[in-house]
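One structure follows; several queries about it will come next.
All chains are identified by letter, namely A, B, C, D, E and F, in their written order; residue positions are counted from 1 within each chain.
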C-alpha cells in the first residue's frame, strides 16, 4: 500500500522530468532534420541551375531562393492552418499566423518550421520543369499560390487529419511521395505544358534536341545535398525520436532511404548503359533522386530489401518517363522534374501497397492498403493537376507566363535581372 | 516522514542519472549547432569568392580558410580566456590553452568549440570588404589580432560576465548581432577605408563603377549555406536544449530566424525592383543575410511577427546602406559586408529594445532596454572601430596593407600564390 | 529494508524509461553524425573534380557517386557481416543482408548506416589517385571489391572484435586513421602504380610537370565539406552520447579534430611559403586534410595540445610525401590521396602511441601501445597493399584498367560518358 | 588557287541555324568561339545599385576558310539565317589568305581545303 | 572602298581604358575575347610543389574592322591607352579585308561599316 | 618588310608539344584561345536519352604574327608536332598583314616584331 502511494508519488514527480526529456529529444530531432530539409533548397537550386544554360542561371537560382522566402511567409501566415487545422476533412480552416496549439510532444514552433521547409519543397520542384522561359513575376505568383492553397489542401487530406487519413485503411504516405513530390511534379507538368517547349527544343519535324546543362559539377553537388537533405526529410517525418520505438523507426528509415537511392542510381546507370552504350551521369543523378522520391512514402514500413527493389524499379521508370515526356508527349522539362517527382512520387506511393511489411500485398496482407494508396494517389494527383491547370491558365491570361522570344534567346539573366551569373 | 526520506533518496539517485541526460542533450545540441556554424565558413568563402573577380578567387578562398585556422588556434590559446574568464568587467584575463572550468551543464570542450566557431565568424566577415587588394600576410596578422583581442574583449562585456551584462537592465544581444556581426562589420569598414577602393572602382569624376562578381552560382550557394549555418548560430546560442523551456526557446528561435531572413530577402527584392525596374539576385542575397544578421540579437525574445518586421526593414536598410557607402562615402566594399554585418548588426540590436515581447518599448515596457541596447551598440562599435583603426594603421605602416598596382591589376592569385583558381 | 525493496522497484520501473532515453540519445547522435559522414562523399567529389581537369569532371564526379551507391548495397549485403560478425579473429563471417543482432545500445540499423558511410569513404579515396585515366567499368569493379572484402577484413581485425583488438594492449584506431584512410590510401597507391602516370605528367627526362586542377573553388568547398564531415566521422565514432562520459568524450573529440586540422593547414602553408616563396592554397587544402586524417586515430585520447602537434607535423609530412611520390617514386597522384590518406593515416595511428594521454610514451606510459600501433599499422597496410595489388593486376589483365590514349587526351567525359561537364 | 577567310559575328542564339544553313551550301568545316561585342545594341544593367551602361553583349565568332566558289552561297546562307532584323545582328568580313595546310596529311594550298574524292 | 582589320592584344586590366579611348576617336564597334599569350613576360608558378615556368599570361584580344580614315587615330588611341611601359603590353596588327556585310540589312562593303545618317 | 599572320587550329591535347616545337624554331610570341570546331571528326553524345550528333569538338586556336623568314620552319614545326594522323588534326592558314605595332614602345612595322639586340 505504502508502496504504491509512494511509487506514484515519486513516479509523477520524476515522470514530469522524464517527459521533459522526451520533449527535448523530439524537438532536437525535428529541428535538426528541418535544417537538413531546408538545405534541400540549395540542392534544388544547384540541380536546376546545373541542368540549364548559363544564360539563365541567375534567374533559376533567384527563383529557388524566392519560393522558399515567399513560402516561409505565406505558409506561416495561412497555409499551415489550412493544412493542420481541424475544420473538416477537406481543409483545416484559417489560423492566421499560426497561433493555435497543435502538438503536445514538441513545441508548435518546431512543428511549424518543419512543415514550412516541406511546403517550400513542393513549390521549388516546379521551377525546374518551367526553367529558362518563365516570367519572374509569374513565378512568384504561382509559387505563392502553391504554398498558400494547393499544397496545404491535399496535405490536409493525408496529414492534417483529412479524409484520406480517416479511411478505414488510412492512406499511407509517410514522408510525402505524393503529398509533397507528386503534387510538385504534377504542377510542374501543367506548368511546362501551358508554357510550351523552349525555343530550339524541337526541330521543324518535332524531333527533340538536346540542350545540355551548363554545369554537371553543380548538378552533382546538388544531388549530394538533396541526398543528405533526405536524411532529414524522411527520418524527420517520424516527428519523434524519444523512446526505443521511435529510435528504431528513424534508424530503419535512414537505411531504407539510402538503399532506395542507391538502387535508383545503379538501375538508371545500368539501364542507360545497356540502352545507349554509355553510362551517363546526368541521367544517373535523376535515378538517385527517383529512388529517393519513390521510397519516401514507405520508408518507415518497407524492409531494406523492399527499399532496394523500389529504388531499382524507380531507376528504370524515371528513364522511360523522361524519354516519354521528351519524345512522345513533348513536354519540355529541362531537369526531369515531372518524371522524378511526379511519376516516381505516384509510383512510390503505390508500392507501399505492395511492400509494406505490415500491410502490403506481397506480405500476404491483401489489397486493402493498395486500394487506399490508389485512392490517395488519384485524388491528390487530380487535385494538383486541376488546380494548377486553372492557376497557370489564369496566369497566362492575366499576367503572361512566358518571356518574349528575344529574352528567351539572349537569356533571362540580362533581361529580367540585368545581371549575368558568370563574369570574369 | 519515511516518505520524504525515501523520496529524496531515490530522487537523488535518479536525479543524477537525469542530470546526465540533460547534460548529454545540451552537449549534442551545442556540438551539432557548432558544426552548422562552422559550415558558415564555407558560406562566407563562397559568397566572397562569388562576388569578386576570378583572378582573385584563390586568394579570397585562402583567406577564408586561414582565418578559421588561425582563429581556432589563437582563440583556444588565449582569446577564450579573455572573453570568458572572470578577471573583471573589462576583460576576462588570461587562461592559456583554455584549461579552467567554465560550465557545469555541458563539457567545457563543447563550449570551447562553439565559441571558437563564433570567433572565427567575426574575422571572416572582414575579408569580404577588403577583398581583391589586401596583402595576404597582412590579412593573416589582422585576422589573428581580431580573434586574439578585439573580439574577445567586447565579447566579454556582453557575454563573458562583463560590464554590459551587469547593467541594471542588461544589454541583450542573444546570438551576436553586435558582438559578432557588428564587430566584424566595423573592422571591415576601417579596413576598407584604410585600404582605399580597388583600381577602377571610381572613375576620374569619382563616379562609382560596377565590378560584377565572377560567379553568382557560388554566391547563392554560399548564402544557402550561411542560412543553414544560422540555424546553428542562433538556436545554438541557447546553449541548452534539455527541458521544455529550452526546447521551446530553440524552436521559437528557428522560426524567428527563418522569418526574418525571408523578410529581408523579400523586402530587398521588392525595393530594388521598384527603384531600378528589375529585381536583382546579388542584392537580394544581401537582403537575406541582412535579415539574418538583424534578428540575431533578438531571435529569442521577439515574436514571429516581430521578426518579420525586423527582417523587412533590414532588407531596405541594407540597400540604402550599400548605396550610401558605395556612392556617398565611397568606401569600396565588394561584398557589402559593412552594410550587412555592421549596419544591420547595429540596427538589429537596437530593434530588440522595441520588439522584445518581454521588455520592448512596443510591448509597453518602456525604454529601459532600448537604452541598454544603445549603450551596448555604442560601446561595442566604438571599441571595434577604435581598435581596428589602430590595427590597420599600424599594419599599413609596418608591413603594408595593399598589394602593388601590377598585382592588383593582374590578380592576386598569380602574384601572391602562383596559382590560378580556374584552369582547363 | 523496505527502503531497498522499494528503491529497486522504483528504479527498475524508471530505469527502463531512462535506458530508453539513453538509447534515443545514442541513436540521434549516430544518425546525425552518419549524415555528416555521408556528406563527405560530396566533399571528396568536389576535391577530386576541382584538382583535375575539366575534360574529366563528369567522370570523376560519376565515380564518386557510384562508389557510394555500390558500397551501400554491397556493404549491406555482405561486407557488414564480414566486418562485424564474430566468426573468428580474422573475419566475421557472412551475414547476408545484415539481419543478425549486433547492438543493444542503439538499433542495428543505426549502426549499419553509420558503418556504411564509413565503408564508402575508403572506396572513394582511391578514385582521386587514379583520376583522369581509369576505365569507368574497372572503377566500378574495384570499388565494389574494396567494400566487399578488403576494407571489411582489416576492419574486422581492429573494430569487429578481430585479433588486433584482442592483443593484450589492444590496437587503438579510434575513428579510422588506419582502418579507413590508410587502407584507402594504400589501395590508391597500388592503383596509381599499376595504372602509370597520366600522359604529359612526366617529360622525356622524367621531370614531373604540373597539371593544375580546373577549379580551386570547388576543391576548397570540398575541403570545407570534408571538414564538417569529420565532425561526424570522429565524434560519431564514439557511437554514444548518453551520459556525462560520452558527452565529454565527443566534446573533446570535436576540439582535437578541429585543432589538428588547423595545425595541418597552418604548417603546410608556412612550410610551402618558406620553401617556395609563396603560400599556395591547393597544398594547404591537403594540409588541412592531413591534419584531419592524422588525428582520427587518437582524437579521443590525445589532448588539444597533442592534437595541435600531431596536426602541425602532418602538415609538413604531407608536403614532403606529395613531392616524394611526385618527383622521386613518380607515382602520379593528381589529388594527393596517397600522401593525405595513406601516409598521414599511418603516421597518425603511430602518434597515438606517443600522444595518448592515458597510454602514450610521452606521458610516461612506456612503449606498449606504440608497439601495438606498429603491429596494427604494419598488418593493415600489408593487407591493403597485398590485396589491392592482386586486385589491380587481375583487373588490368582481365578487363583493362586504363583508357586508350585518344580518350585520355580528349577527355574521359566525352568518350566514356558522352557528356561534357561544362557547356554554355 | 583562290581561298578566302570569312569572319562572322552573330547572335549566340542564332548559332544552330547558321551552322545548319552553312552546311547546306557545303561549308562543313568551321571554327567558332564566344566573344563579346561592343556596339550599339545595349542592355542596361544594374549591379548592386550601380547602373552600368554596358553595350557588351555576348556573341559568337565563326571563322571559316573556303575556296572562292563557296563564298557567295555561304555569305547568302549566313545573311539569311542569322538575321532577326533588330539591331545587333552582327557582321561578316571577308579577307584573303595566301596559303593553307592540312595538318593530318601535310597537304597544302587548295588540296588542304577539301577531302580528296569527296568533291 | 578601303577597309582594314585591326587585331590588338592587350593586358586584361587595360581593357576599359582602351575601349573608352577608341570610342573617343569614333570606333564604336569592336569584338573581343579572352586569350592567353605566350611571350617574354613570365610569372613563375608552383603547383603542388612543382615549379612550372609558364609564360602564359591572360590577355584580351580585340578586333575591329574600320574604314581607313579611322585607322590612324584608332591606333594612336590604343598605343596611348594600353601602354604601361612594362614588358607584356601587347601588339597591334593590321591587315586588309576585301569585303564586309551587315547582317541586319544585308548592306555590303563600305555601307556595312557605318550607320546611314549617323556619319 | 614582309610579315605574315598564321592561324592554326589544333587538338587541345597537342598544345604543349606544338608550343615547344615552335619555340625551337624561334617563334616565341603566340596568342591562343579555346575554340570549338565543327568538322568531320564527330563523337556521338547522348544527353538525357537524346542522341545528338555533334561534330563539335574542342580545339585550340593559335595565332602568331611573324617575319617571313620564320614562316617555313614554323609551319613545318607545327605540321610535325600537331599531327596524330587521325581525322581532326586541324589546319594552318596563312595570310598577309600590312602593319604592326609594339604597344610598349610604339615601334612600328618590322621593328615591332623582334626585340632589339636579341636577334
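We adopt the following convention: contacts are C-beta pairs under 8 Å (C-beta built on N, C-alpha and C of every residue); 3 or more make two chains touch, one makes a residue touch a chain.
Bear in mind the structure is a predicted one, so any value in this text is a computation, not a measurement.
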Contacts common to subunit E and subunit F (chain labels): C, D
Each chain counted as touching subunit B and subunit F at once: A, C, D, E
Pair with more cross-chain C-beta pairs in contact, given C-E and B-E: C-E
Averaged-CA centre spacing for the pair subunit F and subunit A, given as whole angstrom: 52
Between subunit B and subunit A, distance of the C-alpha-averaged centres to the nearest whole Å: 33
For subunit A, residues contacting two or more additional chains: 2, 6, 10, 14, 18, 21, 25, 28, 32, 55, 212, 215, 221, 276, 278, 280, 282, 418-419, 424
Where subunit D touches two or more other chains at once, by residue number: 12, 33-34, 45-47, 84, 86, 95-96
Topology of the chain contact graph, where touching chains are joined (line, ring, star, complete, other): other
Pairs of chains satisfying the touch condition: A-B, A-C, A-D, A-F, B-C, B-D, B-E, C-E, C-F, D-E, D-F, E-F
Complex contact set, residues of subunit A against subunit B: 2, 6, 9-10, 13-14, 17-18, 20-21, 23-25, 27-28, 31-32, 34-35, 38-39, 41-42, 45-46, 49, 57-58, 61-62, 65-66, 68-70, 72-73, 76, 97-98, 106-110, 112-113, 116, 136, 215, 218, 221, 416-424
Subunit F-facing residues of subunit E, complex: 4, 7, 9-10, 33-40, 59, 61, 75, 78-79, 82-96
List of subunit F residues in touch with subunit C within their complex: 11-13, 16, 43-47, 57-58, 84, 86
Residues on subunit B engaged by subunit E in the complex (per definition of touch): 55, 199-200, 406, 409-410, 414-415, 418-419
Contacting residues of subunit C [partner subunit B, same complex]: 2-3, 6-7, 10-11, 14, 18, 21-22, 25, 28-29, 32, 36, 53-55, 212-217, 220-221, 223-225, 227-228, 231-232, 235, 241-244, 246-248, 250-252, 254-255, 258-259, 261-263, 265-266, 269, 276, 278-282, 284-285, 288, 304-305, 308
